[in-house]
Structures are given as structure tokens and as C-alpha cells.
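All chains are identified by letter, namely A, B, C, D, E and F, in their written order; residue positions are counted from 1 within each chain.
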Amino acid sequence: MPAPIVVINPNSTEEVTRGIGAALEGLRFPGGPAIECLTLREGPPGIESQAQSDAVVAPLLALIASRETDAGAFVIACFSDPGLHAARERCRRPVFGIAESAMATALTRGERFGIVSILEASLPRHARAVRAAGLSERFAGDVAIGLGVTSLSSEQETYGRLLAAGETLRDARGADVLILGCAGMARYRARLEAAIGRPVIDPCQAAAALAVGLLAS
Amino acid sequence: MPAPIVVINPNSTEEVTRGIGAALEGLRFPGGPAIECLTLREGPPGIESQAQSDAVVAPLLALIASRETDAGAFVIACFSDPGLHAARERCRRPVFGIAESAMATALTRGERFGIVSILEASLPRHARAVRAAGLSERFAGDVAIGLGVTSLSSEQETYGRLLAAGETLRDARGADVLILGCAGMARYRARLEAAIGRPVIDPCQAAAALAVGLLAS
Amino acid sequence: MPAPIVVINPNSTEEVTRGIGAALEGLRFPGGPAIECLTLREGPPGIESQAQSDAVVAPLLALIASRETDAGAFVIACFSDPGLHAARERCRRPVFGIAESAMATALTRGERFGIVSILEASLPRHARAVRAAGLSERFAGDVAIGLGVTSLSSEQETYGRLLAAGETLRDARGADVLILGCAGMARYRARLEAAIGRPVIDPCQAAAALAVGLLAS
Amino acid sequence: MPAPIVVINPNSTEEVTRGIGAALEGLRFPGGPAIECLTLREGPPGIESQAQSDAVVAPLLALIASRETDAGAFVIACFSDPGLHAARERCRRPVFGIAESAMATALTRGERFGIVSILEASLPRHARAVRAAGLSERFAGDVAIGLGVTSLSSEQETYGRLLAAGETLRDARGADVLILGCAGMARYRARLEAAIGRPVIDPCQAAAALAVGLLAS
Amino acid sequence: MPAPIVVINPNSTEEVTRGIGAALEGLRFPGGPAIECLTLREGPPGIESQAQSDAVVAPLLALIASRETDAGAFVIACFSDPGLHAARERCRRPVFGIAESAMATALTRGERFGIVSILEASLPRHARAVRAAGLSERFAGDVAIGLGVTSLSSEQETYGRLLAAGETLRDARGADVLILGCAGMARYRARLEAAIGRPVIDPCQAAAALAVGLLAS
Amino acid sequence: MPAPIVVINPNSTEEVTRGIGAALEGLRFPGGPAIECLTLREGPPGIESQAQSDAVVAPLLALIASRETDAGAFVIACFSDPGLHAARERCRRPVFGIAESAMATALTRGERFGIVSILEASLPRHARAVRAAGLSERFAGDVAIGLGVTSLSSEQETYGRLLAAGETLRDARGADVLILGCAGMARYRARLEAAIGRPVIDPCQAAAALAVGLLAS
């Protein structure tokens, strides 16, 4: 029986973890690796700043270390990819960050990706991540919807803003593939994709799929 | 039952197709999409030049068109990604190229990827592909082993050259993740990875994993 | 007597070939290389997709091969540069693509080039070409006029759209040199240049001039 | 009297802090801002991994917050720039990272900078920092001397390795300006600069100078 | 007593030199290097073209040579950085250009810098400078206020245009740090910074601060 | 009768001008534009530094201005492209620089160009030019032969060094097209091209060909 993929939601909001778990349902194949979704109790309700992202690294590394023996791979399920490189240094298992995975996946679905972010304050953080990934030539832009992680559950409001942001990215920035810039938006993916007419990538699905592929190769 | 992933080997060498099929065995999950591997009869025994790559596009598009109704996604299993963009224009299903998929996947496994190629003549073609993908900042180099597609079966010779090329990429070019630059090398992947001590990516596995992930999301 | 420059229009529309021939009239110097303009009979009426571009490669290579002995250089006169790299692999003579030649020439006439394209669907193809050429830092943008190759003869309509596209590139995208993104627009070049007040480059003239220069050096 | 510049050594080794203080002596002008050098007690003896770099962010932010009212600017004196962007989000005062400051300063002293690092494991971290800064075109390379932060005090050994690394960067990588890739190497700067014949930048001095300049402008 | 920093205004307008001197007042520390501001008599009233920039190089080099023995460092106080690289070749002392220094400094104050220029004609010159510096990934844009060097003294008009340009760079181009693209605008710096809510860098102050830092290190 | 192309050798060595004239013989077509080669009397015997390059701009602009009425285009025949952008600002005629023209032309002849320079001191100047042109992705390297402009006439010595430099660029740097980095090397071009087995571009021929092409289009 293959070792499980351990997906860690570094914020403490269980509802987000449950949403991630639901989003990954299709990747749980009989005979394939189990996909466990854990909540980092020490995390804040939502990670909305670089400071919060940095603050969860220590407990996140501890949680990863506690599962290193039995896990096949780890996914850090926050779009800031907190602790990604630290975890890779310390852990013998492959570790995937959802932002990095989503950007990598987007390269195979379109010419230029746009990011739909939650808060305006995330944009400089994402800009650094795009540059650090060396992907500026494929980056169309980043538009924030102005809602925090824990507000994403008000469905109608969230979807309306996602749609507007997606249209801006497609029409004014030239994006032909979109990335949901947060771990908690998966349930809007298919609907948004249909409305925008361009592929929309959920970053947790992208990372988990890469992990499944790696463990099965 | 989910629609199958259709993997097309654009060269006419059945042995290569069988090798691809074997490499993808782990990605065939009960309940997951079937993975069919087809040989393009009209292709040459091996694609070793831009001209051969361009020449297979028309029959490849025809084969893709003949399966568009029932397939869930397509993989073009040649490291030149022949017809990739043409297929995307024409086909309503997602189409993955193995070179593009391998480079995208490599971004999640190391800082700079090296490519182990078969023939010296492939290097300019790969250089253009890296630039077209906008990935020059992540590219460490490309080393050819000097064997054509159809010579890859002489196992000991091939492995020895792969190892030497991998060591050059790791030690002299600073690659910390390697890509096998041909569809027919998967059986050397695990052994090379163990010897080099760095992740080694088989491009067919990378593309098929992205296709599985997409269909399951 | 110097070997001729063989210019091949890879679409089958003779009127386009005649237009190219007329555009190159000034480059036919007494004592200089003859410039022959051929129509690729096997081509479609116009090349408006990646698939069509790939489809002409095989007959194009055959035509080039048939003239390799006596020609001094070849020009592939389609803005998708079909078969350019394949031809270079196979042919001992220099081969010029009109898109590549136009972009290279534009570097000597302004800071950032804009492309006036025929169809919206060409834009991703051109974007890949700009990235593959490593010229993203000099690229201002690409605006389509929404007319197919064979519609370019309706002169007033075409010119009006070219002018509007050129103004957008100059005023909103910061282009200070324009490239006509199609082999069949040369007759609008001078008029557009005068109206826009910026250099306008016809790609067939750019490629043929490079070929003349090479053969005379 | 101007507000002081607060320089924080995020490792707990007082000797490193004293060395930084000594290195900044020349920037303490009568009438200019005081330069205080603090040790982060919660830090490890030396920061030699991404994990250690991330782990100091929380106490570092707390220390910065405790001085926000009276400080004029902050310098984070570790070449991993831990917490730099988090501090900028949270703090109303300017915050300088020594790696970022050194790279910026190097742009004014040569064409391509090389980094002399302490440990091989730092290289991927630095590579990400260079890319995140968008400075790949100006980066010549990074050579490690294979000594940890706390071993830098064995003077003769350290200097010999710095010299060898500097010569490699100058002669084999084309660097014409060097950066000391650690906060604790300032006392070798002048000697190394004289021996190599190229400017050598101490990152703490670079950051403090930018802070002095900012407060005095 | 430390050797002085010699700041040369390469235009002949004494009022500009006096303004530069006033801008650098805060960097004149007791015990620190003196900062002398000289006017290049042979310069034009204002440098507003590449031709004028090139024309001042010879007398500028002569002036630098005449002070090479006693000066500690030189600053060329014109945003075209005339003669910067020539001076570096010839002069044993460090030479700073104000544009290069301002761009380097801006990297430490924000993600993407915008330039507020005086004349539209400067934009291509600045675009070349940004590319030559390898800083395109950090460049947000350049907006001209349409006033020549010698018109900058009409304070209300100038400030109004600076503010409008700054708002455009911040809101439409995504700049989060601004550079004053002329040596004679320092007196607007603080006011503009307060109004725009983003750091505003005076290039003369940036260069002089780097020189002070270098001499004191 | 078409307006002539005025080629200006900005150094005062008549032998260099004669060499340029000879190199351009093939581009003088009956009925085509005349190609006049002028020596800038005010120039130094050879331009081997940025300072010398800047110093010739003023007399060069004066010479260009004196011919603006009757010339069709200008070529500045020094690999530092002195005064190129100044001339473009001032002159209504097209102006070509030989370095810029050679790099542009090289894009059409290979994947990555190498430059064979005369003196080591030229390399930083060329590095800036490559970056300013936005062509770093296509640049393989620059190797100096260690001979000044006026020493290039000792034929055997010069050729031997050119060959060695070319081999280094081809074999160790991956260049597949070479540029002669000086106006006075044309007579070695064909021989070097044959020996190296890669296209070798003479920059004066490249620029003059672009000028001929422009005037004939």
C-alpha cells in the first residue's frame, strides 16, 4: 500500500481544510496514495501577510517532521508557500507548494497566467514569488478580490468578485489561464472556468496531482 | 467511467510505445482514467530532427481528431513536442507535450534543470523550446549522449552515457534536477536518480501525471 | 553571375506571391542576386493557424531541396516562419524567415517593436516566437486587424484597420517601430509609415535584404 | 538628535554582533544617526539554512516592533534577509536587508557580482534571492568556502578560502565585484579587495550606508 | 581628514548646482567626507538629449582628472549618467552616476520603481539605461512632466505635474517607489513622497549616500 | 539616382577606412545606393575605450549633420556604436551602428552569438551593449584577442588569435555564430568562417546591408 500524501493547511480554519479535502476527492484513487488533509493548529485563522506566512514555518516543519517516516510526499496548502524551501532542506520526502505547483501547471495550459488573489496586500508577495520562480515572461498579472481567507465562504459575493477579476485578467491583461491564488477557492473553479472560457487552476489540486504523479512514477 | 488519456508516440517504433506504456503503468488507477498508448504509423522510426518533428504533425493531428470525441486528454510523447500548439488550436481536449510537461514539473523539484538529450543535433531545438517556454533562468544546460532513438535499447551503453551526462550536468552546470530528453528512456529513470542523487524526471510520466491530475480535478 | 535568392510563399495564393515580388523589386539590383518568388502549390490559400503552418513544412522542404544546388539563399515568406529551423538543419544554404528577419531588423530602427497581425488567433503563435527569439524586452505588443490573408486585398478596409492598430501600438503600448505581421501587406507599408510617423517594416523586404546583404558580403 | 539605526544580528552569537558593530564604526558620524547593534537572543548560533532563517522571523519581528517608536530605520544583519518582507509589511520605518542592500550596491561598482558564501547549502537560497530580486543578468556566480558562521573566526583558514573563492569568481565566472555572503566577514573585506583587485562589498556596511543615506536625505 | 566627494553637475546652470548642494546638506557630517558641488562650465544649460549627454563627456573627464588626486569619490549629477563608464575606466577613484545609484537604491525600497522624467524625449534614453542595468523586471514605467531642466524652478507648475506623474505611475503602472529622473528636483522630494504615500528617491542624494557609505566603510 | 549611404569610420586611421571600403565592395550595386566611406579626422587612431568612444561623438555628429541633406542613411563604423543614439535623435536619416546591426543580423544566423573582441578592456562595454539591446538570452560570450585596432594589420598574428578566440567561443561557450567585434577585421571573415565552420559576421557589412535594404524597400 503506497505511502500517503500529507496535505497541510497551515491556517487553523478547519473549514478551509475540509474544502481542500473535498477538492482533492477526485485524486483519491483505489490503489493510489491516500491523501490526508491536516490543519496546522498553531496557524492563524488565515494567512494574509508575509509575517503570518513566516510565523507558521516552525510548527509546520515540526508537523512535517512528525510524519516524515510514513508519508510519501507533502503538500503545503497555502498560496504563500510558507516553509517550502525550509521543508525541502530538512525533509527526505518531496514537498510541494501550491503556488509553485499551480504556476508550473499553468505553463502547460496557456501562454500567460493570471492570478486571482484575495487581498491587495498579497500582490507584492506574489510578485516576488513569480520573479523567484523565474516566470516573469509568462505572468500576465494579479488581481485581488478584496476578501480575506475567512470571508471566502460567502459564496455569492466571492464568486461575483472572482468573475470580475478573471474577466479583467483575461481582457485587460491578456491572461489565457487563471490560477486561484488561495487554498480555499476550489469550489468556484469549475464554475469560473466555464464562465471565463479559459482554464482555471486550483493550486491544491495542482500540487496534489504532481504529488500523485511523482509517487506513481 | 472517465474518458481515457490517449498517449501518442509520434514515431513508428512499437518498442518505444511499449516502453512508454510500461512507464505509465503506475498511473493507471482503478477508477482513474485509462491510459492508451498509440503508435503513429506514419511517423519515422525515431524523431531526431526538426524536419522529422514537423513532418509528423499532419498525421498526428489526424489521429488526435479521430479520438477527440472519446478521449479526455492527449499526450504527445516526443520530446520535440511536435504539433503541440497546432493540436491545442484544433482540439477541444487538453493536450500535453512531454517536454513542456517535464520542464514544468522540474520547476517543482529543484532550482535549475538539466536535460539529458540523445543527439547533439537536438540541442538547438531544445534551446529554442526553453526560451519559448520563458524558462531560461531555470535552465542549467543540455548534454547529449550521442545515441539515436532506436539505439537506446542497448542498455549498458545507454546507461553509462546517461550517467556521465547526468554527472556533467550536476557537477559542471549546476543542475539539481534532471530531465530525460527523450520518450524512450523511462526504464533508466530510477537507477539514474539513485546514482546521481538528484530527482530525474521522465517526460512521459510528467505529462501523463498532469493529464491524470487535470481529469481528476 | 550570383546565385539567386529563392523566396517561397508557402500559401497557394498567387496574388500574395505577386505582391511579395513587387515588394522586393527595389532589391533586384543589376549585378546583384536575382530574386525569384515561388508559390508553394501544396499550401493552403492562407496560413492562419499553427496547424496550417506545420502542414506546409514537408512540401516546403521538398521545394527547398529541389533548388538547393542553384540557389544562394532561401526566404520563407510567411510570418509564422514555417519550417525555418527544419530547413536550416537540412539545407546547406542560408535560410531566412520573415518574422525572425523583421524582428531582427526592428532592433535597429527603434526601442520597442509592435506587430500588426491579421487575426487574433495569431497572437499566441507570435508570443511564442518572440519568446523563442529571446526578444521579450524589446516587444511592445501585438494587435490584430481581424482580417484573413485572403481578405487583405480590400484595400480601404485593410488600411483603415492597419492604421488603427498602428496607432494603438504607438500610443497605448509604446511601440516606436512597427512590423507588418503578414507577408501580404507590403503595399501598405509606406503609407502607414507616413501616417504613424514611425518606421514600419515589411517582413519580406527585411528578410530579402538580409539575404542580399549576406550574398554580397 | 536623529533617530538611531537599529541593526539586528538574528543569530545569537555576540561575537558576530561585535564584528558587525566594528564594521560599522566608520558610519557613526557625529551628528549623524547612532547605529545600535543588537543580538537576537532567540536566534541560533548561526543561520545556515532556510529553516533557521524562517525560524527567527517571529522573534525578530517582535524585537523590531519593540523599537519601532524610537528607531529611524532597521537593518536585518543576516545574508538570508530573514523576515525582511514581513518586517516591511508591519513596520512604518524603513527596513534594510543586508543581502538585498549588497546586491543593490554592487550594481554601482561593477558589471557582474559574485557572492562568496559560507556553506554550499546556501547556494540555492541565494539563487532564489537573486532571481527574486530580478538581478540574474548581473549575477556572475556564488562560491562557498565550506565554513559555518561560527567557524569564521579562525582567521588564516577563513581568509585563505575567501581568497580562493574570490579568485574563482573573478577568473572563471567573470565577476568584477564581490559580495561577502555573510554578516560576519567584514574584517576580511579590505584585505580581500586588495588581493583580488576588485571591489569587495560587506553587506552590513552596504545596508547601514543605505540607512544612513536615507535618514540624512 | 577624509578625502572629499566631488559632485559634478554637468550642466552649466549654477542654480541647479546650488539645488544639488542643498539636497546633500544632510549628508555632510562632521568628521565625514566633505561634499563639494561643482558646475561643469562647458556644459549646456540643461542636458536634455543623448547628444548633449555625450557632448559633456570630454570636459567632464577633464574635470574629474583634475581632481583625481585629492577626491575620494565622484558623483556625476545628471540623470543621463554622462561619461559614467568612461570615468570609471580612467579614474582610480569610485565614480557614481545618479541614475544608476537611484535605481540601485530603489531596489531596497519597493518592488517596482517608476521614473518621473522631465521630457518625453528622455524616455528612450532611460529605457536603454534600465535595460543596460539589467533591471527590466523591476521597472514599472516612466512618465514625463513635459518641462525642461531650466523650467523646473516654476515651483507650483512643476509640483503639480510631478504629482500627476507620480499618481499615474502608482495607480496605472504599479510603481511602489518613485525616482526623480533629474538632478534638479530634490526640493520636491519630501512633499511628493508625502502626497503619493510611496518612497520617492532623489538621485543625487542616492548617489552621494552610496559615496559616503563607501568612503566610510 | 539614390542617395548614398555614408559610412563613417570614427577613428582617424585611413587604412581602417580603406579596409571598410573594401569590405563593402560587394554591396555597391549598379543602380543601388553609393556607399561612401569617410574617416573622422578628429578621431583617435583607434577607439579602444569608452572615453574615446564618447569623445568622438561631437565631431561625428557634426560630420553627420554636414551630410544630412544628401545622404540616404548613415553607418557609424565602430563596434562601440559611438553617438548612435545621439545621431538618431538629431538626424532625420536612418543611422545604423555596426555592433547593433551585427547582433541583429546574428539572430538570423544562429542560436547564440559570440563576439571576438580586440582588447580585454572592451568586454564590459560590450556586456552593457548586449544588455541594453535586451539580447542576453542570445549571447554566448566575448573573447578578446589582445590586439589594439592599429595592430590588426599584422595578418598572421591577428588571424591566429581570431581563430583561437573563435574556437573557444564555439567549443567552450556554445556560440554557433560569431561576430567580429571591430570595424577593421573584415578581411579575416571568410577565412575564419571556413575554419570555424560557423557563420562569421563582419559588423560593417551587416550595417551596410541593412542600410541598403532599407533604402531599397
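The rule is simple: a contact is a pair of C-beta atoms (placed from the backbone, for glycine too) under 8 Å apart; a residue touches a chain by one contact, two chains touch by 3 or more.
In this text the structure is predicted, and so the values were computed from the model without any measurement.
Chain pairs D-E and B-C differ in how many C-beta pairs they share in contact, with the greater number at D-E. Centre-to-centre, using mean CA coordinates, chain A is 32 Å away from chain D. Spacing of chain D relative to chain F, judged by their CA centroids, is 43 angstrom. Centroids of chain C and chain D (each the mean of its C-alpha atoms) stand 52 Å apart. Between chain C and chain F the centroid-to-centroid distance comes to 26 Å (mean Cα coordinates, whole Å). For chain F, residues touching at least two other chains, in rising order: 124, 128, 131, 133-134, 136-137. Looking at which chains touch one another, you get A-B, A-C, A-D, A-E, B-C, B-D, B-F, C-E, C-F, D-E, D-F, E-F. Contact residues on chain C toward chain B in their complex (touch as defined above): 49-51, 53-55, 57-58, 61, 82-83, 85-90, 121, 124-125, 128-129, 131-134, 136. On chain A, the positions that touch chain C within their shared complex are 111-112, 137, 176. Here chain C touches chain F in the complex through residues 23, 26-27, 29-32, 94, 96-97, 100-101, 103-105, 107-109, 133-138, 189, 199, 202, 205-206, 208-210, 212-214, 216-217, going by the rule given at the top.
Across the interface of their complex, chain E is touched by residues 124, 127-128, 131, 136 of chain A.
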